[in-house]
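Letters are used for the chains, namely A, B, C and D, taken in the order the chains are written, and counting of residues starts over at 1 for each.
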Amino acid sequence: MKRVAVLGATGIVGQRLVSLLGNHPWFELTAVAASEKSVGKKYCEVVRWVIERPMPAKAGDLELLPISSDIAREKIDIVFTALPAEIAKDIEIELARQGVIVVSNASPMRLEPDIPLINPEVNADHIEAIEYQRKIRGWSGAIVKVPNCTTAILTLSLKPILDDFGIKKVIVSTMQALSGAGLTGVPSMFILDNLIPFIEGEEEKVENESRKILGRLKTDGIALNTSFVASASCHRVMVLEGHTEAVFVETERDVVIEDLIRIMEEFRSNKIKGLGLPTAPEKPIVVRREIDRPQPRFDRMEGEGMSVVVGRLRKDYALSGVKYVVLGHNTLRGAAGTGVLIAELMVKKGLA
Amino acid sequence: MKRVAVLGATGIVGQRLVSLLGNHPWFELTAVAASEKSVGKKYCEVVRWVIERPMPAKAGDLELLPISSDIAREKIDIVFTALPAEIAKDIEIELARQGVIVVSNASPMRLEPDIPLINPEVNADHIEAIEYQRKIRGWSGAIVKVPNCTTAILTLSLKPILDDFGIKKVIVSTMQALSGAGLTGVPSMFILDNLIPFIEGEEEKVENESRKILGRLKTDGIALNTSFVASASCHRVMVLEGHTEAVFVETERDVVIEDLIRIMEEFRSNKIKGLGLPTAPEKPIVVRREIDRPQPRFDRMEGEGMSVVVGRLRKDYALSGVKYVVLGHNTLRGAAGTGVLIAELMVKKGLA
Amino acid sequence: MKRVAVLGATGIVGQRLVSLLGNHPWFELTAVAASEKSVGKKYCEVVRWVIERPMPAKAGDLELLPISSDIAREKIDIVFTALPAEIAKDIEIELARQGVIVVSNASPMRLEPDIPLINPEVNADHIEAIEYQRKIRGWSGAIVKVPNCTTAILTLSLKPILDDFGIKKVIVSTMQALSGAGLTGVPSMFILDNLIPFIEGEEEKVENESRKILGRLKTDGIALNTSFVASASCHRVMVLEGHTEAVFVETERDVVIEDLIRIMEEFRSNKIKGLGLPTAPEKPIVVRREIDRPQPRFDRMEGEGMSVVVGRLRKDYALSGVKYVVLGHNTLRGAAGTGVLIAELMVKKGLA
Amino acid sequence: MKRVAVLGATGIVGQRLVSLLGNHPWFELTAVAASEKSVGKKYCEVVRWVIERPMPAKAGDLELLPISSDIAREKIDIVFTALPAEIAKDIEIELARQGVIVVSNASPMRLEPDIPLINPEVNADHIEAIEYQRKIRGWSGAIVKVPNCTTAILTLSLKPILDDFGIKKVIVSTMQALSGAGLTGVPSMFILDNLIPFIEGEEEKVENESRKILGRLKTDGIALNTSFVASASCHRVMVLEGHTEAVFVETERDVVIEDLIRIMEEFRSNKIKGLGLPTAPEKPIVVRREIDRPQPRFDRMEGEGMSVVVGRLRKDYALSGVKYVVLGHNTLRGAAGTGVLIAELMVKKGLA
């Protein structure tokens, strides 16, 4: 059993991490940390638990530590972070320096070439970049980044299209869940009978991170995939969990829809196939043929929240390609679940 | 005062028509018709009024007539229809044959070249096609169509872009209000904590009608604008009124955003300028510079629900053009309001 | 294995029944019936499944039969009905005549003295009234009624108060979930940013059925409990599942709150204790001590949806008694779950 | 024109006050104050305006002052406060000392006998208590309190019942709007598909303030009405504006429902009748006879948000009296509107 900790354990991604790690066959949740005012209290007394499953009992009894690289003293193998961008970077670097594996949900450094940005079924091989990372940074530990939620969902759906048909342009318009803004991020007075057509920094993340995730591992880090350009428009809607994305793709080669459906349904990803990672969904992509799916309330828990669900696959005549709708669970596939899956991959590969 | 009637007066578009016509300076609401089970009852006893303003008292006292072309016997000058597609066509044709001006919200015949499909600020001149219509159909009346709601909002925002920069491609992804499905169209059990990524027939309407509205009047009817292609993905979200659309446009000429903002703000449309139409908004396009607008709850009543509100104007690097968000009131600008505006135009031009 | 059928299988209570019976250790779901237009189609092709768990595979393959007492020909031991009141009575009587046990969610006959109205932990003993029922009706089968959803939840919370402190008056004000009105009962246009302070027939059901459920079994049927009077005000709010009820009780004897909490927490009901009924929750009443609980989204699945959750227990000085909030899952504890629990009770007692 | 100021102008009650005072015939909105970080900026730049009407232009241009009794230096006649309870008391006392009339929405001091707690149509005469207040406090100004929102709505509906039938007990169960918790008080993640059965301090306010409002003016302040006891259970539901209350009343004398309807409809209140106060609604109580009204979205703006709407009046047999549902706009009748109405009353009476 690897000893693991969660920094930022009371937020929504932190809760998801605690929920996944609290009953994990390979990991022992050893420490949780939260903001100053909660330190010293028991996790169960402080957290406003919003996950549909009960809190793991042992996790509830943990005493909250401060958010700091001092957590390394607890002999932690892997630290999962769900921290605000402003404070994440320094702590994560210090932890890596001290020999800890950091699996980070925070956005800083995601685009640096030596920092793997991993969506396992898409680019598990990029994890090898930590060798180069250690070489140039001199760390004994490592930092690995979980992609932005919208991008994780998008790139998983794009991967088989890229492999089989080539991609020139991607236009994506999102309808994102409230949970993406954190537990208290969207006051109900602002969103009821409404939507908010802006999410700070989100569009740039989608446009840039997708090219890195779909990029290529080289000896000096990861090279962006410059064969395509992406453009995003991101919007918040009144849904609890599950980001829905309308995607328009200009492909290099003509797409026969029935072929693409088959390719997506058969997509298993040789990147992690056969590794037996506990959090990997059997089918990373589920294709629904009903005319009005995917829908967040009914489809977000597909594959325990780790599958993306694609529907409405049809030709696009404006872009010469395809258009479709993809849905994914933003705090599982889009954050905590992918973080845990990355850690499992690293354990299996002997990297953690 | 022209004598006007509403067919389908109890539905949501019908209620909007009654609300607008019940206190109109040029029109006298003389007759209302609804489905069989309501016939003979007073309007106020039957309708489940959901409009934010009180029901016009005189309208409430009208006795409901059956939905039929017999309504012409009431010496009606203009009939506004808000009927289901299946029953609209025959009744509308019969009315036109009997000399009535029909302003129709129903979708059949919208794409026929001799049937004007009018979004007044965009293509008021197309109204002249009714001369050709009368010639080939032999009608003394006429049928004029109100565009699909999403398309009305979209094309108003596209018009100044087309005029000043040229358009090659339009990609639009919508977040549409519940009211668009009618009073009882979307059960709450299906939409709470959810969205529905499909609206029957909507995408085709947007793709086709936009080319007609932005097309050109010729002696044998209206020619589609084939200089651009449009692709739509349409979705229903939990908002009462107001369709929000994320629009990506590939332009012929490079766009300077500040120029486009100015052009949109100054857009008055010489199509109806100076005609003094009571329902025409002072500013057909309102541009918001706040980073998170337009929002349906706060912006849908701009210009009494007749303006569209544009925000987030920014360059699009995937399509070489611009992207933005446009919002419009789907049952005012997108249906009843535009219907009344068309009728006002026809009166002013001596066509009704 | 008893062979069971569901009449009205595509509605929301029907779906819950199929979900519970499709994987039940004692029951084999053999037949499902729905309205005319679905007959002959497979269940999975027709139903709009809204349950959070996947549809039982075998149930999905069943061919829908018409809603009729002819279902008895399928050699059914127990028929669960979830039918509209207008059609339920005649079919249920005919089934009972033919020797079938009918466990009915429909309201007709609930108040007749020979028809057991069972909330098992409260009045399992009333099931014996079917002997009297058979005697006076001449049936070889029987009809047993599931209480109204609000009443099932209320009476479970009242039972320990009645037993230990006596009850003189009950005032209850409800906030009821959308699912209680059926799949399409509440259009979203009517309930978003709103609530509806009326539910047809509901208040009378609460006021009358509670006195029968808390009444006494006699040789000539069930006698109402006339020691108390109940008054209800029922309201629909925008919640998917879970009825919340604010309850004010005038007691005969003074209540010490900590005593009542302990009594409720220890309440196991000797009515069904030790019978090993699969659907019986370990704790029929769960007491939450947090100041702001129970809340429907977080507490409705307590005890697999079969527990009621009580919170905010406090003295009431206007009524000389207690007030509290109770929450229950209206389509599980309030309908399908209690129906299945009743059937289990009857099997265990050799009555089915 | 009286010079008026608003302390706490950016919150939701503050915005309502600005909206009402910005175009008032008797008042000139001279100063607005908000928390430290906004001081020195223009009101329109800082506020997140959520009112359905446009912000008064002059108000938008005002520069925000700090929240402090220094605002008296602006030669203000009347200060309206919408401040958090913790900071309100000291500032309000200091202002009164300096000769300012303070109309306060904050809860401290509401129950002190010399502080009028005014719901004008119910107890306008209590305003005379400021004479006694000035005598014992030595102030040249005065403090007058606006009641708690729920209580303002409740007591207006109770007043004609009290006058004509006598009241022994009042049980009230509320469904309160989000706006009552302030602009950001209820995160959407906590309330979507949910309700919260607790509002801090609310039940005590309803139970105590109602007895003061319905109490009697004496020479040494206001005496509570001890002829009745009230018990409240308060709950937050997903509605933007409008508190709905289910009320059960035990009366001294038997109530004939049709009489009570007539009495309520005719209720004009001799307390302020004929004074010509601009904000007074023509009908303080509107009775709806439809079976499913009042509903917040459709009825909250009755009388410009200053009327309460009563429906479902029916006999209560548990309490020997009546039960009904009353709805009122919580930030107009329940806060800002009543505050302005009180100020108008004081001007008219020569007290301000």
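We take it that a residue touches a chain if its C-beta (ideal position, glycine included) is under 8 Å from a C-beta of that chain, and two chains touch if they have at least 3 such contacts.
These figures come from a predicted structure and were not determined experimentally.
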Keeping to the contact definition above, tell me which chains border both chain A and chain B.
C, D
By CA centroid distance, what chain is farthest from chain A?
D
If you tally the C-beta contacts, which comes out ahead, A-C or A-D?
A-D
How big is the gap, in whole Å, between where the Cα atoms of chain A centre and where those of chain D centre?
48
Which integer distance in Å separates the CA centroid of chain A from that of chain C?
42
Among the residues of chain A, which ones contact at least 2 other chains?
50, 192-193, 238, 240, 298
For the complex, which residues does chain B have touching chain C?
12, 48, 50, 178-179, 183-193, 238, 240
Looking at the complex, which residues from chain C come into contact with chain A?
49-50, 52, 192-193, 298, 301
Which stretch or stretches of chain B touch chain A in the complex?
169-171, 173, 175, 192-198, 229-231, 233, 235, 237-240, 244, 246, 248, 291-298, 311-312, 316-319, 323, 325
